[in-house]
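Residue numbering begins at 1 within each chain, and the chains themselves are lettered A, B, C and D in the order written.
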Amino acid sequence: MSSPEVSEIRVRVNYSETDQMGVVYHARYLVWLDIARTEHLRRSGMSYRDLEAAGLRLVVAEAALRYRQPARYDDPILVRCWVRALASRRVEFGYAVQHAEAGRLLATARTALLALSPAMTPTRLPDAVRSVLCAIPDPVRLNLTDA
Amino acid sequence: MSSPEVSEIRVRVNYSETDQMGVVYHARYLVWLDIARTEHLRRSGMSYRDLEAAGLRLVVAEAALRYRQPARYDDPILVRCWVRALASRRVEFGYAVQHAEAGRLLATARTALLALSPAMTPTRLPDAVRSVLCAIPDPVRLNLTDA
Amino acid sequence: MSSPEVSEIRVRVNYSETDQMGVVYHARYLVWLDIARTEHLRRSGMSYRDLEAAGLRLVVAEAALRYRQPARYDDPILVRCWVRALASRRVEFGYAVQHAEAGRLLATARTALLALSPAMTPTRLPDAVRSVLCAIPDPVRLNLTDA
Amino acid sequence: MSSPEVSEIRVRVNYSETDQMGVVYHARYLVWLDIARTEHLRRSGMSYRDLEAAGLRLVVAEAALRYRQPARYDDPILVRCWVRALASRRVEFGYAVQHAEAGRLLATARTALLALSPAMTPTRLPDAVRSVLCAIPDPVRLNLTDA
């Protein structure tokens, strides 16, 4: 998982992210994925802020997550992110969430994003975006079951 | 979708749930599903608070969502919830998120929950829980693609 | 606290709002205050959605909260809200957060909001807004200390 | 503001933190303050995780914030944190939230925390904690008005 096509971000679990079970509340993982995706774009040479200012919106159309082991308060977390599929109007990202020190896999996930115009109608991903995103085979088995 | 096995909750979109695209941020839907699931248990005669006090934890092991149309600030939202599969240690819920007045479908989702002991090890769903939950065929096509 | 100038909303504590101390995380109260304020405006005959569509933004410029007793998972919560001061460009709201059944006071708070134009510059509160908001003496001692 | 008694953390505004006004939702600042406070303790030689494991709870009893300028999506944020008052059962922190590059002040705040036992009753701050925390005069005017 060390190819340049897989980016990494680190976060530390804040108290606000825990719930009374003493683990990270499951919805928070979607925010970590968002942080990872934003940095993946940045490392690919794009700022999502600039893309949006230029009139492109990338909206989450599908999300699937498998929670394997709990993350706990103050844990250092590593999120790996990559592009797993790319089409004219759609890009799909894969993610592996790990304990940054122990290395154990906490969750795997994928999200599919659609390109929309400011009027929220489907549009093509600009060539400048498509050309720098590179879909790769999942470096980790996501083990997401179908519906 | 009006059988007793399908419960309904209503929420109104708060400003905190919107993002700068002017729509509800995608992670918030998981919270709405949680509210719906909690009320589904309550209407089935169980309080999750009581279940947890009695030593049972139901933790989200899988989640999958398809976002179809955006929810917007101040929109009245209706979430329908049902049990779609029930096993000895696992229960899977289905959800349909709709605009409460216009009726249009905003999102569909499923979450799979595992029964854990307070020590966070797998355990069986108590008979008292299994006996009141009733799995039904999805009243709405979820259209969740596989991984 | 039963005058028409004091409005009430009810929420039930969701699992997402708890933290590992087993109580509601303190930042969530600001969201409950937002829900209460929005409903106070609605009951005064205004929809904040409409105000914003008409070009007015009310932004939180100050917030102060005193937490007295913890709220817990599944607790029914009552938030009372009123206008405590009104000026040409500023409106200040007071809040009392209570356990809806036991009645005990959980928190008191105030927020000051400024009227801004869509360009985020200070503007006057429209007369139509000022005329329906009525400042009243605090029905509950807020006990907010100064800085 | 560069004395060792003032710690600094950096965060970058994520999409989930924005609202439809295109700025960071006001409740999120409380989470940034929490992150800053946790790191301030860590740099003072304590891990709040360890303190809590040892039976101490620090709970927010008061919070006051003044919002001066909006933070926006993808902005790099710097939060400075210091102890402004220390008593046997209570510690008060001060905060300055700034744009990390432009330097402009976005918000100032204070929070007062009480020491509680695991049974949530008031207790003394352990000497080991008090001895490493050092109250200093506010390095920035907080400009928090009273109630």
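Just so we're on the same page, a contact is a pair of C-beta atoms (placed from the backbone, for glycine too) under 8 Å apart; a residue touches a chain by one contact, two chains touch by 3 or more.
Everything numeric in this text was worked out from a predicted model, so none of it was measured.
Colleague: Hey, which pair has more contacts between C-betas, C-D or A-C?
Modeller: C-D
Colleague: Where centres are the averaged C-alpha coordinates, which chain has the largest centre distance to chain B?
Modeller: Of all the other chains, the one whose centre lies farthest from chain B is D.
Colleague: Distance from the CA centroid of chain A to that of chain C, rounded to the nearest Å?
Modeller: That gives a centre separation of 35 Å.
Colleague: Hey, how far is the Cα centre of chain A from the one of chain D, in Å?
Modeller: 29
Colleague: Rounded to a whole Å, what is the gap between the Cα centroids of chain C and chain D?
Modeller: A distance of 23 Å separates the two centres.
Colleague: Among the residues of chain B, which are close enough to touch at least two other chains?
Modeller: 15-16, 21, 23, 27, 30-31, 34, 73
Colleague: Once bound in the complex, which stretches of chain B touch chain C?
Modeller: Those residues of chain B that touch chain C are 14-16, 30-31, 34-35, 38, 47-49, 52, 73-74.
Colleague: Give every residue of chain D touching chain C within the complex, in rising order.
Modeller: These residues of chain D touch chain C: 21, 23, 26-28, 30-31, 34, 57, 59-67, 70, 110, 120, 142-147.
Colleague: Using the touch definition from the top, list the residues of chain D that touch chain B in their complex.
Modeller: Those residues of chain D that touch chain B are 15-16, 18-23, 25, 27, 73.
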